[in-house]
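Same chain, two partners: subunit A is paired with subunit B first, then with subunit C.
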Partner chain A sequence: MNWEILGIWLGAAVTLCLYSFLYRDNPFYKFVEHLFVGMSAGYWVIYSIYNVLIPNWWENLFPADGGFDAIWLVPGIFAMFMLARMVPKVAGLSRLALGMIVGTGAGLNMVTFFQSNALAQVKGTMISVAAGSVWEVFSSLVLVVGVVSGLVYFFFSKAHTGFVGRTANMGITILMVAFGASFGYTIMARLSLLIGRCTFLIEDWLPTIPAMLGLGG
Partner chain B sequence: MTILRGVFPLLLALVLPGAMMAAGDGGARVMAVPIQPNVGVAIDLTASDNPNDAGGVINLEWAMDSGGVEPDSIGVVRLDPSGEADTLAVLPAGTVFYRDTTAVNGTEYTYKIVSYLGGKVAGVSETATAVASAQWLHSGRIGMLVILSIMAALILYYIETGKKGKELYIREIGGLAAVDDAVGRATEMGKPVLYIPGIMDMDDIQTIASMVILGRVARKTAEYGTTLLVPTSRSVVMSVAQEVVKEGYLQAGRPDAYVKENIQYLTDDQFGYAAGVDGIMVREKPAAIFLLGTFYAESLILAETGRSVGAIQIAGTAMPSQIPFFVAACDYTLIGEELFAASAYLSREPKLLGSLKGQDAAKLFFIVLIVLGVIASTVGQFWPPMATVADFLRDLVTVE
Partner chain C sequence: MRLVIPLAITFTAGMIMILNFFIPHQPFAFLGEHLQEWYMIVASGAIFLGTANLLHVHVRKMKLRLRNWQYSPVTIIGLVVMLILGLIYGVEEGKPFDYLFMNMVAPMGATMFSLLAFFVASAAFRAFRASNWRATLLLSSAFLVMLGQVPIGAMIWNKIPLAKVWLMAIPNTAGQRAVMIGAAMGVVATSLRMIFGIERSYLGGAD
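Entry: the complex of A and B
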């Protein structure tokens, strides 16, 4: 047996163990699940050390051209604060680091989200609804009515009754149509993943069975 | 400058072996000089600080003299204040732009474009100088600053109004009204509540919103004496979730019921996490499952497994591609901004309600802006002055 065939059999075994979950929870699935979770957790620890901690912090603290950049002690201290959770007496220090992460994340995202999710959308909707062919006019109207009625649906200060209610209903209807299209599109992508696994089992794994059983090949 | 004029050709000759410098081609503004006759040289060279950045960048632009033989390549040469020359780059012939990203703020640099032919310097352009600097204000984002300031003012106004005791109305949000029912159902059935805060870290705004809702769910489970399980995909989220749940149990007067181990980290890996959570679902058989946060391809795997164990499921995310799966497989779904409104709706705190009212005012502003923009664009097709109005409105929301 060579290493390639061993790898194929391992991949097939793990795939079949995972698919056994479709029947019910069982020891095979449980074993592979724990293997998957444990291995990926270990992998991410190493990944974080070599792709985050060392290049983003250690190499800045001790630059390649020598010396020592003391400012990089600050994030190091905040990282130590996170570990302070393990010592009950100083566990409160971790809140400082958590506050920094949450505050920075919210602040940075506010500008990005506002730019891409609000202003760019508003600009893209300010279009003429009388330009182009009949179909283009119809598309433009759907876009404008969809955006405005969708915004009305997400208006929380007014009850969805009367004119506001009817507009909000139109908004959620258009949203649901969009979700339906997205659902179908994504299902197609998932099916291609399933086909990929089946192709592996049929074209890579099945042909190795006769050789493993000593039936020639 | 006089010294510079004399030194630059010498330095250039040292840096570029074989260079044949024309007398007097150094200095601030001298004419482009083809050393070999009929070889194209760079003309109209300009050097300028790159606008709206943190400094350290100088943009160089030039045109190529179209007459004569095209050089093989062109070089960008920089002279620093000490007189040291440095070839920054050798570019293909025909290039007319270069961005020097190695400039030091506040240092005046002199630049030249050198034409190469047959591996030798065949011509040198005129020189141009520039100083890199940082800008405090991004001129292309002033519109955003104005709109954000208006929004912030509105939010602060409504927060103050709420604090003064004025009742701030928020319409009913279906999925949120069911939160208490779901926890109650789990209590009656003697089964745990499973809370899944998505797979992103604490710098994600949806995870932050999810943590606020987790606080409310934790308080309810503490009051009812129901087990709350929170498997997380990020270690920092686990730490925050532990703090939030602990706080919820404290507020409910049940700090003794808090079990730290019920809030656990599984793995950062997307599908590893999905496999782990699926395992928890089929073994613990929770009666209520909350899927609130940022989800990607694992959303349907989680929601379908949750459905198969018969749990009541309340989901919420702002990921447009995942909402359809939650709509299909869950009992209640918070769509997009409803997730962010949830914290205000559940807590009824004046600060959060005021913030939500302020955001509603901003939405109203955008609706008016869109309607005006569409009218101006449409009418502008037939009456040009309105096209100017449409352009102004677009500029207002344009961010560079």
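Entry: the complex of A and C
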């Protein structure tokens, strides 16, 4: 059996079944939709075993040079606590695991988000608005005024009236342009995926049909 | 007590991570480093929980003959096949698990996301009716970015791709920065609320 051609046919079959939804909801779409959910879940479990549990937990619990590091039983037990949610009698144990995840995540995100999403962005906005050509000065002004007015729009502790209101209005304008640009960009990303699937069907799958039907080639 | 211990764990873990950032010396460096690894291990438990829950939901659906129960075996078989192939043969390139991923999971993911192109376009048609000048601005901005991304844009007018680059680099950056800075403030505030036990909804909504 030619596994490569079988793979192409499997890919084409699931692609066509999913696109059949464009006509209307139908059993072919539902079949592949359910298959996708199951296979994706299986993929992520295996991914987490091979890429997280084995290198980060198992290899620390039983180091290559032999022995047993008991401290690594702690995260293993916490991970088991997470599964306790499925057993009503001991479901409360999962709160311990959640507490650990949420606490670590909150502490980690607080400092990293503040650094990368607040301080770095503020630093990037502190630019000279009087350097370069007229166009560069205009662009710098749009950037600085856009960021400040956008932030004013998100500042709800003061009523948006008078000067604050006018600045907030300018912020909405900049945000609308930004959302429009992001939206256009997202559509183009989706379209490029669509083109990729169509290219696959036309260039990879269609040429295999004569061979599968025994029409030579 | 059922809330005190989880809250104490949250507080301790959160404070260790913060102290590790500001005081990158022992014992905080050691604790912070280990806690990050433990975090990944415990979080992977959540993936197992989600999978167990998926199985539970579909088995229940089949037992009670709920709507579309006929498709539940498909989900379960897909899950079990991936698990068995991954555990028995491993995940290296060319192995059955990789074969199914490359020829089924990846195409299904790409197709699902590409389907959104149609729905986003129809949603845009309804949402982008130029009802006021700001909606027109949003519509024009999206249209310019799309036009600047394809060859026909440059064929219409060679400045369109440049306008798209400027739009993405200046007004878009300004808007996104305002959102990012605002969101970062939100993350800091919410993180502090969680670490200090003010926000407890993640523990099941109990106060």
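Here, the second predicted complex is superposed on the first by the 216 of 217 C-alpha atoms of A that agree within 3 Å, B and C clash if a C-alpha of one lies under 4 Å from a C-alpha of the other, contacts with A are read in each partner's own complex, and residues count from 1 in each chain.
Just so it is clear, a residue touches a chain if its C-beta (ideal position, glycine included) is under 8 Å from a C-beta of that chain, and two chains touch if they have at least 3 such contacts.
Note that the coordinates shown come from a computational prediction; the quantities given were computed from them, not determined experimentally.
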Touch check for A:Leu98: first (subunit B), second (subunit C), both, or neither?
-> both
Contacts of A:Gly11 with subunit B and subunit C, given as first, second, both or neither | second
Partner chain(s) touched by A:Lys158 [first = subunit B, second = subunit C, both, neither] = first
Would you check which partner chain A:Met126 touches, where first means subunit B only, second means subunit C only, and both and neither mean what they say?
-> first
When the two structures are overlaid on chain A, which partner does A:Leu191 contact: first (subunit B), second (subunit C), both, or neither?
-> second
Using the superposition on chain A described above, determine whether A:Thr173 touches subunit B (first), subunit C (second), both, or neither.
-> second
With both structures superposed, pick whichever of subunit B and subunit C touches the larger number of subunit A residues.
-> C
Kindly classify A:Leu108 by the partners it touches after superposition: subunit B alone (first), subunit C alone (second), both, or neither?
-> both
Touching partner for A:Ile49 - first (subunit B), second (subunit C), both, neither = second
Contacts on subunit A seen with subunit B and repeated with subunit C across the two complexes | 18, 21, 30, 32-33, 36-41, 43-44, 48, 82, 85, 94-95, 98, 101-102, 104-106, 108-111, 113-114, 118, 122, 125, 144, 147, 151, 154, 172, 175-176, 178-180, 182-183, 186, 190
If you look only at subunit C, which of its residues touch subunit A in the complex?
-> 2-3, 5-18, 21, 35-54, 56, 68, 71-72, 74-83, 86-87, 90-91, 97, 99-105, 107-118, 120-121, 124, 134-135, 137-146, 149-150, 166-185, 187-188, 190-192, 194-195, 202-204
In their shared complex, at which residues does subunit A touch subunit C?
-> 3, 6-8, 10-11, 14-15, 18-19, 21-22, 30-50, 52-53, 56-57, 60, 74-76, 78-83, 85-86, 92, 94-111, 113-114, 116-118, 121-122, 124-125, 139, 142-147, 149-151, 153-154, 171-188, 190-191, 193-194, 196-197, 200
Could you pull out which subunit B residues touch subunit A in their complex?
-> 143-144, 147-148, 168-171, 173, 201-205, 208, 236, 239-240, 242-243, 265-269, 271-273, 275-276, 278-279, 282-283, 297, 300, 320-321, 323-325, 327-328, 335-338, 341, 345, 356-357, 360, 363-364, 366-367, 369-371, 373-374, 376-378, 380-381, 390, 393-394, 397-399
What residues of subunit A sit close enough to touch subunit B in their complex?
-> 18, 21, 24-25, 29-30, 32-33, 36-41, 43-44, 48, 82, 85, 94-95, 98, 101-102, 104-106, 108-111, 113-115, 118-120, 122-123, 125-131, 144, 147-148, 151-152, 154-160, 172, 175-176, 178-180, 182-183, 186, 190
